[in-house]
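Presented sequentially are two complexes of chain A, the first with chain B as partner and the second with chain C.
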Partner chain A sequence: MNISVLYAAIIYSSMLGLMSFGVTFVKITSNVWNVAHTSFITFAAYIVFTFESFYGNSPYLYLPLGFIIGAFLAIIEYLLIIDPLRKRGSSSLLMLVSTIAFLLIVDGIIDIYSDYLQNIYKFPSKNFILSYLDFNFLGFNGIFLFSFTFLIIILILLYLILTYTKFGIALRASVDDPILASVTGINIKYVNIFAWFIAGGTAGIAGALLPMWTQCFPGVGDTFLAIIFSVSIVGGVQQIYGTFLGSFLIGFIQIFGILGLSIIFGSSILVYQYLIPMIIMILVLLFLPEGLGKINFRKIIINIKKRRQKK
Partner chain B sequence: MLAVSNLNSGYEKVHILYDINIQCNSSEIVSIIGPNGSGKTTLLKTIVGLTNIYSGSILFNNIKINNIPSYKIAKIGISYLPQGNNIFPSLSVYENLRIGCYLCNSKDLKETINEIFSIFPILREYLAKKASMLSGGERQMLGIAMNLLRKPKLLMLDEPLAGLSPLIAKNILNKLVEIKDKLKIGIIIVEQNISKVLEISDRIYLLASGKIVFSGKNNELLENKDMVKLYMGLLSGGKNQ
Partner chain C sequence: MNIFILFVVDLFALFSVYLVLNLALNFQLGYGGVPNFGLVLSFTGGAMVMGWLPIRILGWLFKIPESLMSNVAGNSSIIASIINTNLQTNPLLGLGILIITLILGMAFGAFLGFISSLPAIRLKSDYLAISLLALGVILYYIGLNYFPLVGGTLGVVVPDLYTYFGINRYIIVTVIFFIIIVLLIYILTLIVNSPYGRVLRAMRDNEIAASSMGKNVIKIRMQSMVIGSMIAALAGGMYASYNAYFGIAGYDMSSWTFIPWLMVLFGGLANNYGVILGTFIYVTLEKLIAYFQYNLTFLPFNVIWLQYILLGFLVLIILIYRPKGLLPEKPSQTLSKNKVKELKS
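After this line comes the complex of A and B, so read on.
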């Protein structure tokens, strides 16, 4: 196995995980497919670009700003659009459409902002990449270390919060039955705000890391829209942790799959690599409609052990 | 403690309840009975802020609680056990109890849960079990336990005996009497089948087509032959059981 390909697959999967997690989290907690999620990613990328352009330093120093801006945008979207619509009893479809409108608004703002940066400050804001500023530690790039580490940290933190804190259990209870949770004394609005905050924040972190990994431009987050939704669906929207499985499945199959296909059909096949996540999504919808998160791995392991013992 | 006066309510524009007047005091068990679709569940949902109130008032300890969000109603001491979905199935029994105690002080959590075990000792054995794995009776006990953890002043139960075997139903009713005597709280039970709750009720309201058609002591209801005949096919059904 080519180590550099494995390396690329881990970075790609980790970035997918960070980008997709919020979509699943919001779907689970608020029952909304938030299309505007990708605009948080783009916005955070521009925030990092702006600060790096003005003040220099390592772009990684501005990761917290990425988190804050992503979380801020998500809460704005929730409070101004989703919550009022919910109070009026709007359908999920209407809320989905409203998130598309919010995406277009934020994308428009980013476009104007990038024009402003280019025209006034002469920054190359229409097309930029900051990977030349990346560092190397023990042979690993910063983007590898940060994307993978953040994914693991978020996974662990989330597990601890959801399992051991009163608020985390309340959040799971709200997902189970919001009306029962509400009559139990849980303020569902706060729970939702928290979910949107975390979802937007992780999108912000993914966005802040994006310039270290790929070329950025207004609407860069939107280019991942289809893959992000594939990851969310493949991972399953019943289990938060399914997204992480989905991101690694899609990331690895896409990277290794396209490599294998390019050996057989030549490099011209590379442009079609984004078809792979779509094919995986369709297969999962056909054969495992509830996604990877629904697979009971514990039960499978117990069954395997039992079979071995019988033998 | 609870006084509902001239209440009209429903869901959006669908008017369900008409001029309802009910009352429940502490250390009292009040039963609301009536046929299917008479508005019993809507009445409880209205009290906990889950429907639209058109007119009338709901006073709890002389404070008007009309249109207060349900999580705030839980905070002031009204507890509601819905019919059917009254536990969180994906959480463990312990997590359900912890959520039942969501409004409690964290320091008192262990002690409060231990107090509940004195009423429902069986739950102690199932703490790590997923709530979805419990039987119907155990779920009902867990649901009631979750409500009691909040130390409510008023406990409202929507068909707590539905789908339970007569033995388990009797056990739960005994527990309710025990809870009323021990904790001195008011209990409102909504039931379709009067025979199940007749013995333990201090007062009964009969609801039909969204209106109260009878209110009084249980013996007064039984003496009213016409009323029983008209609305209580339920009663004879109950006697046969």
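After this line comes the complex of A and C, so read on.
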């Protein structure tokens, strides 16, 4: 196995995981597919670009700003749009449409901001990349270390919060049965705000890392829209961990699959790599419509152990 | 041509394209309850047929040298200019090719609607919407990367099928698009007021009740996807023929899925008149902003971005305070207007 390809696959999968996690988390907790999620990613990328352009330093220093801006936008969206719509008894489809309207607004603001940076400060804000500022540590570059580490940290933190804290139990209860949870005294609104805060924050981190990984422009987050939702569908919306499985499955199949196909069909096939997530999604919808998260791995392992013992 | 007339004609052309697309969405979403977030797929399909087919048929008919035809996508501007010169004396050929291409584009759109609905149609509501959204970009990636199809990122020049009419081209386009709109609204009104239309609404309102009455919900949902996709492809063909150009970069999800969704919900779901109103308001706003943008060059940004912000705000206000849109749905007509008058008297 070519180690550099494995390296690229891990970075790609980790970035997909970071970008998609919030979509699934919000779907699980609030039953809303948040299309505007991609605009949080773009916004955070622009915040990092702005601070780096004005003050220099490593772009990684501005990661907390990415988190804050993503979380801030998500909470604004929840409080000003989703919550009022929910109080009026809007359907999940109508809430989905409202997130598209919010996406248009944020995208419009990003476009204006990008024009402003270009026209007033002469920054190359229409197309920028900051990967030349990346560092190297023990043979690994920063984007690899940060994207993968953040993904693991989020996974562990969420596991701990959801399993061992009262708040986590309240969150799970409100997901399973919001009416019953509110009867027992759980404030559903606060639980949702927390979920949107975390979801927006992780999107912000993904966005802040984006300029270190790929070319950025207004609407860069939107180019990942279909892939992000494919990851979410492939992972399933029953388990948060499904997203991580989905992102690594899609990321690895996309990178290694297209490489394998290029050996057979030639390098011209490489440009079709973005079709792979859609193909995986179609297969999952056909054969496993509830996604990977629905697979009971524990049960599978127990069954395998039982079979071995019998032998 | 007077600049004001040109502005109005251009506005009408864009209005017509968006209206046909929005009527397709309204048929699927408003009447059938199918949240097609992959609208861009069949729209692009219809436009792609317009970018691919006429240049090849007319190139063959006008015996364009093989040296040029061997790379149609690469030589499209030269081939199209030769074709346009020939079409200037053949008005009927141009219109005939236009009609044939639109019909074939619709057939391709129907096929795309059917294929894309296969893996997802059993899903429900927003889950179905998101699956269709992800599937919607497939054609975009193919068109973008396979150069011989429609010129990849460069695009292809489409022969100007209205070229015979010279300076009156835009007036003829307006007339043709107007006929298409009138016919489409008439047919759709007939369908939604027919027993089939009532089945669509029944399925949308209560799937279980509809299936308990013996209706095959999956089949009807697929039919509404196919019919809607066919109409969306017609819009795509109209758009590419009007521009006399097909460039895949212009067929993005935001412009051809998200904005139509917002226009339909803004105007009023399951009400074709509401859709007309919503489309008219948005397109007029867009064209006015584009028209006056050069008077606002002192601003440090392009005012064109304001249209998205404005549309976003308008839709949010409508969703929160008037969720059924400007013109809400009306009960379907089960009797003709004359019959109603007769009964009233």
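One rule holds in what follows: the second predicted complex is superposed on the first by the 311 of 311 C-alpha atoms of A that agree within 3 Å, B and C clash if a C-alpha of one lies under 4 Å from a C-alpha of the other, contacts with A are read in each partner's own complex, and residues count from 1 in each chain.
The rule we apply is simple: contacts are C-beta pairs under 8 Å (C-beta built on N, C-alpha and C of every residue); 3 or more make two chains touch, one makes a residue touch a chain.
What you see is a predicted model, and the numbers here were worked out from it, not measured in a lab.
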Touched chain A residues, chain B compared with chain C: C
Partner chain(s) touched by A:172 [first = chain B, second = chain C, both, neither]: first
First, second, both or neither for A:181, with chain B first and chain C second: first
Those residues of chain A which chain B touches in one complex and chain C touches in the other: none
Residues of chain C that touch chain A when the two form their complex: 35, 119-120, 122-123, 125-127, 129-131, 133-138, 141-142, 144-145, 253-254, 258-259, 261-262, 265, 300-302, 305-309, 311-313, 315-316, 319-320, 323
Partner chain B, residues of chain A touching it in the complex: 89, 166, 169-170, 172-173, 175-177, 179-188
Residue numbers on chain B that touch chain A, as the complex places them: 12, 48, 50, 69-71, 73-75, 79-80, 82, 85-91, 95, 98-100, 102-103, 106, 146, 150
Partner chain C, residues of chain A touching it in the complex: 33, 35, 81, 84-85, 88, 90-94, 96-98, 100-105, 107-109, 111-112, 115-116, 119-120, 219, 222, 225-227, 229-230, 232-233, 271-272, 274-275, 277-278, 281-282, 285-286, 289
